[in-house]
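These are the structures in question, set out in turn.
Consider the two complexes below, in which chain A is the common component and chain B and chain C are the respective partners.
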Partner chain A sequence: MAFKTLSKSEKAYIQSSLQASSSFRSDGRALQDYRTVALETGVVPLANGSARINIGKGSDEGGGTEILAAAKLEVEDVEHGDGVEGGRVSCSVSCSPSAYPFASSGTLDDLQHDYTSLVHSALSHPSLRPANLSILRGKKSWLLSLDLVVLSDCGNVYDALFMAARAAMWDTKVPRTRSVEYRASKNRTGGGTGDMEVDDEQQSGLDTRQVKAATDFELEDYWDEGEPLAGRETWPVCITLNLLPRLHFLDATSSEEAAIPHRLLLAYSFASRSTPTLQGMQLLGPGEVDLVHIKALIQEGEKYASDLYTSLNTKLKDEDIRRTDKARLRFAAVR
Partner chain B sequence: MSSRIEILNDGGYRSDGRRQYELRDMTFDMSEQAGADGSAIIAHGLTQVLVSVFGPREAKMRSQTLHDRAIINVEVSIAPFSTGDRRKRARGDKRILEFASMIKATFEPVVQTSLHPRSQIDIFVHVLQQDGGVLQACINATTLALANAGVPLLDFVCAVTGGVHAAAPMLDLTTLEENDLPHVTVAVMPRTGRVTLVSMETRLHVDRFEEIFRLAGQAGSVLHKEMRAAVRERTKGVVDAMGSGLRTSDFAEDAMMDDT
Partner chain C sequence: MDVDPFDDLGSETFRLTCPGETLTSSQAFMRGHGTYVDNEEVVASVAGIIERVNKLVTVRALRTRYNPEVGDLVIGRITEVQPRRWKVDANSRQDAVLMLSSVNLPGGVQRRKLESDELQMRNFFEEGDLLVAEVQAFFSDGAMSLHTRSLKYGKLRNGQLVTVPPILVRRLKSHFYSLPSGVDLILGLNGYIWVSKHVKDSEQEGEEGFDAEAVYSNQNDDIDAATRTAISRVTNIIRILATHSVPLTDVVLLEAYEWAIEQEVDVKDLLQEDVSDALVAAVTARS
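Let's look at the complex of A and B:
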């Protein structure tokens, strides 16, 4: 909803050209084509993981939909603070006023809230929670807060939000921690002051987090920023199906979004390639859609989501190589 | 942590390897951001700010328009991930409003608002990364974005932060230095030599003020050179893209741009 208002005739023009026997779109795409998607990870130096995504830059309609996503990790206290055993994920979306230059600040707040609730409910679900967000069982855990900023909206902002979120999560590195235990020193019986002992590296095969006595942790000093989030392949991808009677199309521009009655958002998670799970679903727009029709659309959407998932993973792996392997080689060459 | 890092060591180098009066690496990106009439991304070292300008256009609230000039509306948003500790500031946050009003007050005497009566110029500032000198980055980026949008300006506004360590003045402070030193942000109009903003939130000895103030003014003219070059390059790119037959020598004769 880019707050683009179209005249009736303009709407009719867009609808009829989409519904023509060989459908036309203003930028010459086929119905199931995406615009060019540009993605870069590691754009925010102070975040644990970040990504910038742009859909459709350089097309005639402005600079495309652009979203900046960054994930930051904070330590939370499980016993006394807001922490949850095993860590938690919290998402928030903010829209820049320049993305919606004609919206009032109230509208902008509503829109932010809508986006936030959709993304948060899909990504913070316990079924997607990464396994390595726990630091000390029952004591400390990581809070992963993901912030998304919509810098500009030229249509299809939902798919872009999920892609940006997925890329930022993929990029997130959880710092390595080592649990610390306080033991009364046996040599000095008098003082009663505790000596701090740090677990040896050799013991790391045993999960020292299980030790009940561990009360605190320290960050390991290591050459990289940590290990990636566990299960980073499972973060969902979202497909927006733009519905017209008898047809649907992908990646609508803002004027196409304004011309169609319904949109169906489907978020799939591909934990196992054969049986993807539907992590979120929302129908936008007034009116009603047949249940049979919806069922068929879910099947179709799964196919598109699978394609998007494959290409997104390819790009993210490329980015990993660009940022880690190549950087390592360059470092080695300099040395 | 900061007690162990020397702000200025015996060799005359600062914690990031700069000399006393050295500015950080600057990058200017004036390429088009979706929908905006003019926009600019400026990076001073690790501080990065994006500004989009819309207008002059019809005001959202017609009742606020003035019959003899345009109104300037500044909205600032600070990305929650821009600092070391994540902190989300709401739109109505006092600090943000103050920041916006400072930017607005800086540009009100510079933008020729009387040329666009009954209209509004929107300036949307996004702080993407913070590492000291956020206000200076916002002001410099706003200047470039306004120029890029073709809003008539009397002059560039170039802002620099100056601080003093013991008796040694320094320019363009990082967060680390800002936390420890008294500092002042000065925005100058280099062509006329006027000052549109002096902002200080710390205490500074009155004897030191003049020196820093003078230095910041000089640094402003250095910045002006860089910013003018960026504007020219952008304009040249746009003109070339239009394919119009404007020769480069026409630019050299531009009295407004060259009259330093």
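Let's look at the complex of A and C:
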């Protein structure tokens, strides 16, 4: 997938630097170092949840890998429409042509399809489905469509895609709903006695209590946008291990990606902090890698993913505080 | 006598402008590149530096592709091999052309180009190869034609490339530098900069140790860890200066390198925001 072509001597230079006794990367990082990651949530006002991420801004030509993610909820009809009982998640990735100026439209389509299938298969898995995507049992449910845009690519797009997706899902608020049932008024059928019955309790035909026979729903009007998506801790993080014989490294730049033969993608979900589950795995590149080797890599990858998970969660909680408490303080100060 | 609206624009001073700013009246001046006429006024259409030649007003954009001029030293990457020519990406609007007739072939400068040379063009340059060349001429469509007819020019190896906005590379007396730490620099005017291991004086072109056979080699020499560190340090310094829009000259680069050594900054820490700000402050204060 490397659109960046390197000369043989550049490739050899990168590889021999990495394989030297004291491995050395072109920008001085150690093998397991990430570039600076910038993350902001709530960047798209009309989406239910959104995030923008940038890896390595300012340190690489082109201003780093940048991805915008936005989640939007739609109502789906379970009986007659495409809806699925309990709701569903659908993901799509599109690449901005300016991110790949040398790619033809055909290769860009292929690339988008590759990214989409990987992200969609990992995130729409039933084991990850949020519990609160259902509106009315057997009738209505939410469809969560997550759209990601690759704005620029300076390497390590897969990790960035999953981080952006996770941040957008974390940020997503599901609107509160209330079931509605139509019930005809019983008093009317009694027949007239001649007297005026003025004090008949004026009851609305629309009952808004939680009822089994609910036919429709209405949105509760409340000051915030709803409750967070259930199980937002469980969305996976992806870690890309860039493989060279006898070593692997993280967060490759685009030139490093062009110089290595294989990449191993591992997506981990942390339902409970101690036992991560492997949600997805893909090996990119020609040729094959020994199975014994892969097993060792998976163990290593789990460790890195756990570190990434911890720091990403810290950042996302910071963002929540920034957007609620601090914003309130600022608002109070202005008044 | 009427007042020249460009009086404050002496030849020495720069004036920056941004899109939409009214520059002058279109009655008295002609609009050039980077401007348009609206309501009989010349208005800037790009952000950049205002330039005036007699009655022609132009704005040179700050962020732009490389505008080649004959004699410029550029670094390019081969994108395509065609009959008797290579297409070269040189950060310009169109790919540049390097003709087979304007390269030096191994085995002497005066050697004739044979039909067999046409068939083995990939032995000289193939897709992805980096080369340093000079702008020789322009074609009628504005594409530039390059030549490597000097032993200083040719294929690049033993180092890494770093890209900066072309406007930051000034025209200098020489675009080949060697820093005292064993690092050679080639500043391409198109914003591509090649940072590589130093070539010993005795092995430079024209000297006894010069290996004419290695001109088209793809094989790197042995590079020790200290040199690799120095190359990475220089690369990171260039990136920092570029993100802070500091024009690159040999003096600036040398000072920045010395500062990094004095402060004993680790190579990867250079890219941290506070360190890079300090570096830029130190360099711009001194010069």
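Throughout what follows, the second predicted complex is superposed on the first by the 304 of 335 C-alpha atoms of A that agree within 3 Å, B and C clash if a C-alpha of one lies under 4 Å from a C-alpha of the other, contacts with A are read in each partner's own complex, and residues count from 1 in each chain.
In this section, contacts are C-beta pairs under 8 Å (C-beta built on N, C-alpha and C of every residue); 3 or more make two chains touch, one makes a residue touch a chain.
Note that this is a predicted model, so its numbers are computed, not measured.
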So, after the overlay on chain A, do chain B and chain C clash or fit? They clash
Checklist line | Touched partner set for A:F24, first chain B, second chain C, both or neither | finding: second
- request: Quick one: classify A:S152 as touching chain B (first), chain C (second), both or neither.
  value: first
Touch check for A:D307: first (chain B), second (chain C), both, or neither? neither
Q.
Let me test your reading of the model: by the given contact rule, A:S50 touches which partner, first (chain B), second (chain C), both or neither?
A. first
Note to self: On the A-aligned overlay, A:D216 touches which partner chain: chain B = first, chain C = second, or both, or neither?
What the structure shows: neither
- Is A:E181 touching the first partner chain B, the second partner chain C, both, or neither of them? neither
Query = So, does A:S104 touch the first partner chain B, the second partner chain C, both, or neither?
reply = first
Intersected contact list for chain A, partners chain B and chain C 62
In the complex, chain A touches chain B at residues 44-47, 50, 62-66, 68, 70, 72, 74, 92, 94, 96-99, 101-102, 104-105, 109, 145, 147, 149, 151-154
The residues of chain A that touch chain C in their complex are 5-10, 12-14, 16-17, 20-22, 24-30, 33, 35-36, 58-62, 255
Within the complex, chain A is touched by chain C residues 77, 79, 127-130, 155-164, 218-220, 223, 225, 228-229, 232-233, 235-236, 239, 243, 266-268, 270-272, 276
Chain B residues touching chain A in their complex are 32-36, 39, 46, 50, 52, 54, 60, 75, 77, 79-84, 86, 88, 91, 122, 124, 126, 128-129
